[in-house]
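In the two assemblies presented below, chain A is common to both, partnered first by chain B and then by chain C.
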Partner chain A sequence: MTERIGEIIETDSFTFVAESFALNRPPALGSLVKAQAGGDTWVYGVVAFGETVSVDPGRGAMRRSRPDAYDEAVYTRHPELEHLLHTKFTVIPVGSRVGERMSQRIPPQPPPMHYSVYACAPDEVREFSERRLYLRTLATAQLPAPVEHVLAAHLTWTYEQRGRDEAWLEQAALEVAGLLQQDVERLLAVLYAVDPEA
Partner chain B sequence: MDRKRLGVVVDGSFTAGLTVRLDPGQSTEDLQIGSFMVVQGREYTYFCMLSDLQLRTSDARLIAKPPQGFTPFVSRVLSGSATYAMAVVKPMLMMPTVDVRDDSRLLVGQTPEERGVMSVRTIPMHYAELVEATEIDFLTVFGSPDKPNHFVFGQPLTMDLPICLDLGRFMERSSGIFGQTGTGKSFTALVVLAGIIKHDVGVNLIFDAHNEYAYGKESEEKQWVKGLKHLFGSKVRVYSLDESQANKPGRPADGILKIGLNQIEPEDVILMSQELGLTAKAGTMIGLLKDTYGDKWLTRLIEMDAEALSEFCQQSGAHEGSVQALQRDLKKLARKEYIRPEMDSNLLDEIILTLKDGKHVILHFGQHSSMMDYMLVSNLVTRRVRAAWEKQTEQYELTQANADRPRPLMITLEEAHKFLNPEIASQTTFGTIAREMRKFHVTLMVIDQRPSGIDSEVLSQLGTRISGKLADERDIDAVLTGVSDRSALRNALASLKLRQEVLVVGHAVPMPIQVRPRTYDEAFWAEVSKPTAPVADDDLEREKRELFGA
Partner chain C sequence: MPLDLSAIHPHIRALVDLQRPEERMRLLREARSVLQRADPDKVRDNLEVRNKRYPWLVANPLHSLGDTFPVPPLPVGGYSVAASDGSNIPPDRHSPVRYCILNVSKVVLAYGENPMASLTSVTEMLYKEEDLSLDGKPLKGELLGAKMAVRELEVLLETALALSAPRVALHDGTLILWPLQNQPDPVRDRFTRPFRRALDGFRAERIPLLSYISYPSARDLCNALRVALCDTETSECKTCESDHRELCEFLGQLRDRELLQGVLEPGERTDLFATVSDVVREYHGHDIVFCYLDVGGEIARVEMPKWVAEGEEALNLGLGVVLDQCALSGDVPPYPLALMEAHEAAVIDVAMRTVVEELVEGEFAQRGLPYIRSGKDRSKRRRGV
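Let's turn to the complex of A and B:
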C-alpha cells in the first residue's frame, strides 16, 4: 500500500479537493493519485491544482518574517502556523478501479468525504497510463488551472514515472495534439514544456 | 500479404475522388502523384490513382505565423496532428474484396473481368483504409506475362514487377505515343513494335521517317542499338527510297522504291501544300488538270512548254500565272531522285502482298528524309494499302471464310501532326484510317511531340495513349482528349520525369498507369528474338541422336 497523502474535504462528481498531510507540500501538479471510495473501489485522478491558505477564510495570512528570520525560520518561530494554515489540492477524476479491473471511465459516485487520498506507485502509473483515453477527459474537464499547464505537467510527470519512456511521451503528445489542434498556442505551450530534447 | 497502411478516407465524392487523411508519420515525400494505390472498403477493394497531395493545418495561426525553433520532437508531433497532409485518390476500378492471402484465386482469370475487376461504380464509406498496392494488386489488375498476348512493357515507377500491355487490344484501335523531345518516344515505339512482331498479333507498316526502326540508331547514351530488321530478319522486310544507302553492310534492303509521276494523286500534292508553297487556289487548278488529263495530269503539267500551258488555260479558263506558278512548284517534286516519269505498280503491289502474307514492312527513307519525301510516300503507299484492306474486308464479309479474314494492320506514323492537323485530317488517308478504319482492321500508331497539332476528332478515336512528359498545357489537353478523369491524369502526366517514364492510358491497360518502359537493350533483344514455340523434347532427342549418334 502506498503512502496516504491527504483527506478529502470537498467532493463532487467531477472534482474533489483534499487536504494534504504535509503543509506546503501538495502532491506534484499533474501527478496521478487515487482515492478510497469504499470497499475495493478506487478513484484515480490527476492533480490539477494545489494551494496553501489560511484555515479561517475570514483571517488571511500576513507577513511573519523579520530581517534575521525568514523562510523556514518563520515556521520555527511560529509553531502555531501548522494549525492556522492548510494545504489543499484539487484532483480531476479520470478513471476508477473495482478489484483488479481498471477503467478509464469516471466513477458513478464521487469519492466519499473524509476518505483518504494516496499516491500511486510507478507500476500503477504505468498500468493506468498504458491506454491514453483519459487524456481526453482531462483536457475537456472544468479545470481550476489552464489546461495546457495541467497536461504538460501530467505528461512530464508520467514520462519520468515510466522511466523516461519516450515512445509513450510521443504518443501522448500526439494525442494531446489531436485534442488541442484548434488552439495551436496552447498546443505549442504543451509541446515546448514536455519536449525531452529541449 | 499485408499492405502498408497510408491513411483513411475522410471525405470525397464519386466525381472528384476520395480525400484521404494520411496517417501521422506518413510523409508526402514517400508518395508520388500518379501512383497506383488501393482503398479497402467493406465490400469492395478499389484500385486508385493518386491524383493530388495537399498540406493542411488545423489552425490558421500556424499559417499566419509558422512557429520557429522546432526540436525534432515538436515537429514530429505537429506533423500528423495540427499540420497534416491529405491525399486525393481517384478510384478507377474495383473488385469484391477477397482475402488477399488467397493469391491463387486472384490470378486465375485470363482477363481483368474474369479476375473480378470491374469499372468503378461506387465509393467506400468514411474511414476506409488507403494502403500501398502490392505485387498481387498489380498482377490482379494488369495481368501477368503468361496471359495470352500480354507483353511486358515496363515496370511501375516504385516497384520491380512487370506491367503488361494487352497487345490484342492495343491493335484493335489506333494508338498514340507522345512526349516532348528526349522522352524516348522512338525507343518506346521500338519496344511496342518488337512486342507486336514477337507476339504475332498483326502486321506492321512502318514509315521510318528518321531512319530509326529498320536498322536502329544511336541512343542518348551513345550506344548503337539494333533495328527491327536485325532482330527479326526475314519477318521484317525493308523497302528503301535511297538507292545509295541501301544494301550497305549490315543494312540489307529488300527492295528499292521508286515513285512514278503517274502514281501521284491530287490528294498527295494538296497534302503537301505547305511544303511545296502552293497557294489556296492550287486545289482548283489541280482539279482542272485531273479532269483534262486523268492519271497523267502531273506528267503533262510538268512537260508543258509555255505554248501548251497557255493553250490549256484558254481551254479550261484557268489563270495562266497561277498555272505557271503551280508548274514551277511541282517541278520540285519531279526533280526528286526517286521520282520517275512513269512506273508500274509492281513494287507497291509487292508491299501489299508482303503485308498480307504476315510479314512486316518498313519504309526506309535514307537521305530522302525531308518532310516532303516523307509525306508524299507515306500517303501514296497508305492509300493503296488501305484500298487493299478495304477490298479484303469486303471479301471476308462476303465469304466469311477464315482464310479471307484480313490480318490486323498497324501503320506507324511519325510526325503525325503533319498528316492529321485539323486543316487536312478530313482529306488525308490517315485521317480516314484514324476515324473509321477500325472495321477494316487497319489502325494507326501515331508518334508525335506536338499532339496539340493533331485534329481533336482523330485524338478522341485513339484507343491507347502512351505519353512521356509534356510541358505545354495544350499538348497535355490534346493527349487526354476523350479520356475520363482528365484532371487526375493531368497531374500524373505533368509529374513524369523527362526520361524513361510514361503514362499509359486506354484500351490496352485496364486503368491508367505510370510505367518505366523496358530498356531497348541486349537483354530485350535476346528475349524478343528467341523463337516463341519451345522446341519439343522429341525434336531435341532426335537432334541429339543425329548429332552424336544413338
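Let's turn to the complex of A and C:
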C-alpha cells in the first residue's frame, strides 16, 4: 500500500479536492493519485491544481517574516500556522479500478467525502498509463488551471515514473497532438514542455 | 437606508471641537508632572489608614506612582503559553426551548527546541433548569458573563497544568468579576468560589497568570493622582475652590492609557498597583494587582494575582511573554497572538449558531414535537416586502 497523502473535502462527478497531510507540499502537478471509494473500488485521477490557503476564508494570510526570521523560521516562530493554513489539491478523475479490473472511464460515482487519497507507486502508474484513453478525458475536463500545463506536467511526470520511457512519451505526445489539433498554440506549449531535450 | 448620515454630519465637527486640543495638552502636561512628583504614601494613607471611600476606582500604589521599568528580555530557550477565551449562545427568549451553549477555547503555543501549537475548545450545553437559573435569576447578561469568566479561568488552569516550565497563562480581559458587583451574596458566592479555586490552582503550581486588557478605559491611576492632590471629602467637590480644581476635573475625565501615552516607552511598564474593589475582597487572599505596559503602539493594562507581582521572576517572565506575543501578532497596534487565537478558537459564528438551532429543531421534528418560534422573531427573519 502506498502512502496516504490527503483526505477528500470536496467531491463531485468530475472533480475532487483533498486536503494534503503535508502543509505546502501538495502532490506534484500532473501526478497520478488514487482515492479509496469503498471496498475494493479505487478512483484514479490526475492532480490538476494545488494551493495553500487560510483554513478560515475570512482570515487571509498576512506577512509573518522579519529581517532575521524568514522562510522556514516563520514556521518555527509561528507553530500555530500548521493549524491555520491548509494545502489542498484538485484531482480530475480519469479512471477506476474494481478489484483487479482497471478502467479508463469516468467513475460512475464520485469518491466519498472524507475518504483517503493515496500516491500511486511506479508499477501502478505504468499499468494505468499503458492505455492512454484517459488523456482525452483530461484534455476535455473543466480544469482549474490551463489544460496545456496540466497535460504537459502529467506527460513529463509519467515519463519519469516509467523510467524515462521515451517510446511512451512519443506515443502520448502524438495523442495529445491529435487532441489539440484545433489549437496549435496550446499544442506547441505541451510539446515544448515535454521535450526531454528542452 | 436606515441611518440618516446628513443628520449626524454637522455634529461630527462639534464633537471634535469639544476636544479642545491646546487646553488638553496643557492639562496633560500638568497631570504627567503630578504623576512624577505625587506622594504615593498619601494615596495609600487615604485609601487604607483613613479608609476614605471614593465614588471612583483608585489605584493603590504598591511602591511608586510614576516610576517606569523596562521589561527584561525573556530567558533564551523558549517558553509555553496557554490562553483561553469564551463565546456563547445565550438562552433565546424567542425559542420554545431554553438552552445555552458555552464554547471555551484551549490554546497552547510553545516555542524553543520543539515548537508546537494546539488550538481547540471545550463545548458545553446547559439545558437543565438548575443550570439555567441562579436563585431564581435567569442565566443571562451579567450572570452569563460571570459564568463564562469562571469557565475560562478553569479551562485555562487545566490547559496550563499540562505545559512544562517556563510557562505562562494568559487570560483575556479583567481578573475582576465585575458582573458580580451588584449581585447578592449567595449569587456572588456561586461564582467566586470556583474562581478562587482556579486562582488557588495557579498559585499552588506557580504558573504566572496574567490578564490582558487592550485599549483599557480605566481611570484608576488618574483617580490616584486626584487623591494625591486633595485631602477633602468628595462630597465637597461641587463647592471646591482649590487651585487644583481644573486639573482634578480633567483627571476625572482622563483615561490611564492617555495619561501614560509618551510616559512609557515601548517595552516599558509602570509600577504596580492594587485594585480596590468589593468583588476582589471575596477572592480571599488573591489580591489583584495591575500595571500598564507599552506594547508598542498601545498602552495595555495587565492584571495578575499579587503573588505573581511579588515574584520578580514570575512577573518578568509573564510580562516578557506578553511583549513577545504582541510582537508575534504582527499587527499595529499589537495584541497577544495566543489571545488572538484563543478568540478565534472560541468564537461561534453565525453559521454555527444556525446549525445548532437546526439540530435542536430537527430533533423536535423527529419526535413529532412542535417547534414554533415567536412571531416577532419570524417577522425579523423573513423580512418580506
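Definition applied: the second predicted complex is superposed on the first by the 198 of 198 C-alpha atoms of A that agree within 3 Å, B and C clash if a C-alpha of one lies under 4 Å from a C-alpha of the other, contacts with A are read in each partner's own complex, and residues count from 1 in each chain.
Throughout what follows, contacts are C-beta pairs under 8 Å (C-beta built on N, C-alpha and C of every residue); 3 or more make two chains touch, one makes a residue touch a chain.
Bear in mind the structure is a predicted one, so any value in this text is a computation, not a measurement.
Engineer: Just from the overlay, do chain B and chain C fit on chain A, or is there a clash?
Structural biologist: fit
Engineer: In the superposed arrangement, does A:59 touch chain B (first), chain C (second), both or neither?
Structural biologist: second
Engineer: Looking at A:178 after the superposition, I want to know if it touches chain B, chain C, both of them or none. Which is it: first, second, both, neither?
Structural biologist: first
Engineer: Residues of chain A touched by chain B versus by chain C: which partner has the larger set?
Structural biologist: If we count touched residues of chain A for both partners, the winner is B.
Engineer: Where does A:127 make contact in the superposed view: on chain B (first), on chain C (second), on both, or on neither?
Structural biologist: Touch partners of A:127: none, neither chain B nor chain C.
Engineer: Looking at the overlay, does A:197 come into contact with chain B only (first), chain C only (second), both, or neither?
Structural biologist: first
Engineer: Could you read off the angle at the CA centre of chain A, spanning the centres of chain B and chain C, to the nearest 10°?
Structural biologist: 160
Engineer: Looking at the overlay, what does A:77 touch: chain B (first), chain C (second), both, or neither?
Structural biologist: The second partner, chain C, only.
Engineer: With both complexes overlaid on chain A, does A:3 touch chain B (first), chain C (second), both or neither?
Structural biologist: Once the two structures are laid over each other on A, A:3 reaches no partner at all.
Engineer: Minimum C-alpha distance between chain B and chain C after superposition, to be given in whole Å.
Structural biologist: Across the overlay, chain B reaches chain C at a minimum of 51 Å between C-alpha atoms.
Engineer: Per the contact definition, I'd like the list of chain B residues that touch chain A in the complex.
Structural biologist: Against chain A, the touching part of chain B is residues 24, 57-59, 61-62, 67, 71-74, 76-78, 80-82.
Engineer: In the complex, go through chain C and note every residue touching chain A.
Structural biologist: 109-111, 115-119, 328, 330, 337, 341, 344
Engineer: Note which residues of chain A are touching chain C in the complex, please.
Structural biologist: For this pair, the touching residues of chain A are 56, 59, 62-64, 75-84.
Engineer: Which stretch or stretches of chain A touch chain B in the complex?
Structural biologist: Touching chain B: residues 170, 173-174, 177-178, 180-185, 187-188, 191-192, 195-198 of chain A.
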